[in-house]
């Protein structure tokens, strides 16, 4: 494992981050061609939060949260901490004290491919966390990892400064360079969905709105009136 | 995989469905001899909902939600969509647009052995879903499956028109033919439990209410006053 | 499997139990040297509850809840039921009727390495449960196990009369003999954390509060200004 | 759980069973339209075995192997024991003594959605088993289940007398009525594959043998000469 | 985590260890009342090995194999290394170099609730290992654990000097004090099984050998001649 | 999902690939700084094989093996097929026919984050496969993916032309550019290990060879003569 902490990273434009936040995970994920989604086991500790921010990436040794302390100094207002571990891990690497510091420094939230604890306190403080587990198991500070290097987190590759979007649907990563174009595509997609929503609310079938009947027939779908027709 | 959509299915009597809904999953499951329960990984996206309805069954290819669009046309007021997949799958096959259409058509809820997305929207809309996962991963529309054929869903076999009951305890299936008799047995069971509840609330032991002391002794249970008695 | 029910157990002092409850799982776990934590799959059926009490231990055969009935008679006001099973199990061994009896007898809550059902009722009754699963699958009463013998529960060893603490972070076990000293250490730890919290709230870095900069350098951490410095 | 043992079952024709055995799991599964496959966690205790036979179905309570003893009497030469459990289970329900009896009665092998033990002995005896786990945990004989009723086993529905095929690829079930037609389709499929094999061995591409180039282009596949073409 | 290495431990009598080895895991586990079995995920890296020995216990931090080096010095001819970790872990903590040293010191084998690597070399060397995973992921030497303290390993509690038995069925622990009595009971059990084996080989039913027919009838088992009898 | 097949890729030097193959997974993984290892669930279908080759990367839709056919045409003598899927998947995407073609084209083996079937045939043919599962479940050819684009496979990022090394320990990826330097470092490491092996074989402790005694004492390790010293 490298042992490097990178002090300065490039961030996406604030307006693009704000735009991605308002779009949410599902739309952003679609808008960038279905890439960058973390695995489904990443769940929020409380429902209803939606955040986006520039990733401060942290690579920890299992059961060791030392690098989280290093990362705190390198965070700016609006950043999101994203923590990967070099093996599967569920240690409670983050609790109310680190959350207190993170909030003091303007960190938007935490995405961690490991465990978190003090979740009742974090919920009361309104500090959102997406984690693999809720577990109190304590950590050591013995092995140096890295901050702001490219990492893997819950199946997604992420580089420092990439934009992380998280909500009740999970967590998605947008490469820094792509933030603007994905935000734009996402808005177009959302607008398009809006126009569809009214028709669907009126009970119009998606089969008709999206012209699916012919492709379905071509692909071999057969309609029968009742199951009796099949069985004879 | 067959490629059939069955237009018309037989449904259970409305009063039986209503009765099963008011009994809930645990009682219905007991009343029909402990059959028909889906696996424990099927969890609601929000708590507090309890529904019952006639199953519109959908068999999808993994990562493909095409048949859900076909199924929408075949739903009636009060039906429940039940989705199986031919392999383990967590794709987000259902989101706010399909939920909008489902609500417009009177569908009561969704039971899906795969993933769901837009769960904050679905929660705000009050559209209940029981799923294996919450995941945004998008789907294709490339492989034809079936609607209203017998399927497997989360370990339970289900035929179109069977009654699906779902609440915070999970999901249970009652064969259409058995709906009436199970509802009746369930009511008897609930009444019986009600009479027991008062005695238990008064602190009477279940050991005595159910006459368990003698069978326990016969089966070999020994009481000792303290652990010292065993060790010393 | 032994077939013994032990009538009387020794309990920790009430004031120590109360102190442990107010400290919560994460602090207690730290205070006793990071032992006694159950696995992370033990989750509460509703959030916000925090309990501590003397363990009435129950060892069940899979799919058989007979010993829970035996245990009820041996509970006192303030006790916590702790249930282990001789294999991995998810049966719904406990529901609203047993909860009614448990509440009548003053039981504080249930910790069960298996399933629970009627969770909506239990939530309305305010009876807290930490379980491996929510599942309605019914149980038999055919095989005798034991009550108040040492058991394993979710990866933790527990003896009757040990103190169980449970909250949104999970479940922790403190040996009866150690309750007083752990409570004391926990309070010292909580006081210490309180003093740190103010400094962290003011934005002071944990790197400085805990004097980590020198050990990090000794362990090989290198700071670079930007990623360009590494690559080029 | 029902408590029934059915003495006599109908079996498929011996020649069809033999034919299915020689085809193997993968071919049989394809020949019957990709149905009837058990989940991938069912693994053989030793490699190289391939069997087919009429299913004697056994439904056990978790941790209880009583019905296996009942089933032994109802087996005939050439049958295969298929064991389901009413919950997920890993108990070692079967060992060298039951295998000795099974071999004495001409049973071909065991398929069990639970655990097995004495695997070194079973391997030496040449008695093939496909199981979910290898685990020594002992069982009780306390709860009556059923023999020769329809059961679920590792995700597949199976009725007594259905044909079970098992080899290194896993386990597949063919309904008794379909044994003849599936055997026929399987042979046709195997013959067809044989003719393809020679062409593939000669290095002819499947793209050409199966005329896939045009459908791929229609579905949107684009060839580029090198990755530079995409990026720059 | 404590940081202690205990130099000297008490061991069971050599003849009892030899006796337990020849009985094997399944018989030993039964003979001591079905206790002490590790979970089923503990698998041998090659089949056919059967060992027993006194446990040298090792408690590691995840991803850190430092204590294995400490343990080597404390091993005697005939001992077995048993490694627990403070969280779930799959790091490859042991490979061909440590195996070379272990063999030089007369260690019989390794039981590790984590990962192992160089398995082809270990297989060629004939050094048996039972592990949770095979994984090359390397470890650090940064956090001190303990040697020869009581640990948990794969769900079983084990103290230094307890006897560990391992074969193709898995791993079982016998407390040091109990080694003699369990060996005796195990031999009696094996003798008894031997006498049953001959009768079973001759096709005599276990139903009759163990007099199960009456208890089965009492417990509610009903025989029917065919499934037609049930259905109508 | 992109729909691109890249015809030509750059490959590492043949001598570097050969060198990496002879070093094996564990050494290569260490030599490149503990990166590039696939998850531990990737297991060989038979033991004893060790391969290295240039990766032809394939990105499939779940349950769809169409791109494998496309990839075959783009393989050269000595290449290794590496297959990722856009969701977790266990379909049997590869069997004896594709293996026949692969061998005809000189492909060294297959690494697939999904299922494989016909494993007895593949074993007899000597075609090595590392997969997530063995499962016969058949696939469709309906959704276009990509060949020779960067993919994720079993937790590792891999680009076309990177070197894949696979043996009984699992699978490791070395970036094309790094093949030479990693091969060199690996040889140095292997040589160094060789010199250590002789000393270890003679029973010299790793504690002494690696000078660990002082760092252990500094890190807090305390030796005691016996457990009595702690307790009493």
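Per-chain residue numbering starts at 1, and chain names A, B, C, D, E and F are given in the order in which the chains are listed.
In the analysis below, a residue touches a chain if its C-beta (ideal position, glycine included) is under 8 Å from a C-beta of that chain, and two chains touch if they have at least 3 such contacts.
As the structure is a prediction and not an experimental result, all values here were calculated from the model.
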**Complete:** Any chain touching chain D and chain F at once appears in the list B, E
**Item:** A-E, B-F or D-F - pair sharing over half of the D-E contact pairs
**Value:** D-F
**Message:** Looking only at C-beta pairs that count as contacts, which pair of chains has more of them, E-F or A-F?
**Reply:** E-F
**Prompt:** Through what angle, between 0 and 180°, must chain B be rotated so its C-alpha atoms fit those of chain F, rounded to a multiple of 5?
**Reply:** 180
**Prompt:** Do chain A and chain E face each other with the same patch, meaning over half of the contact numbers show up on both, or with different patches?
**Reply:** same
**Inter-chain centre distance, chain A versus chain D - centres from mean C-alpha coordinates, in Å** = 40
**Item:** Inter-centroid spacing, chain D versus chain B (mean Cα positions, whole Å)
**Value:** 28
**Message:** I need the residues of chain C touching at least two other chains; which ones are they?
**Reply:** 34, 86, 90, 137, 142-143
**Asked** Where do chains touch, given as pairs?
**Response** A-B, A-C, A-E, A-F, B-C, B-D, B-F, C-D, C-E, D-E, D-F, E-F
**Message:** Which stretch or stretches of chain C touch chain A in the complex?
**Reply:** 24-26, 29-30, 34, 37, 39-40, 43, 47-48, 50, 167-170, 172, 193, 196-197, 200-203, 205-207, 210, 212, 215-216, 219-227, 229-230
**Asked** Quick one: in the complex, what on chain D touches chain C?
**Response** 61-64, 86-91, 137, 140, 142-143
**Prompt:** Inside the complex, what are the residues of chain F that reach chain A?
**Reply:** 1-2, 33-34, 86, 152, 155, 157
**In the complex with chain B, residue positions of chain C that touch it** = 3-9, 66, 69-70, 72-73, 90, 92, 95-98, 100-101, 104-105, 115, 117-120, 123, 133-138, 141-144, 148-149, 160
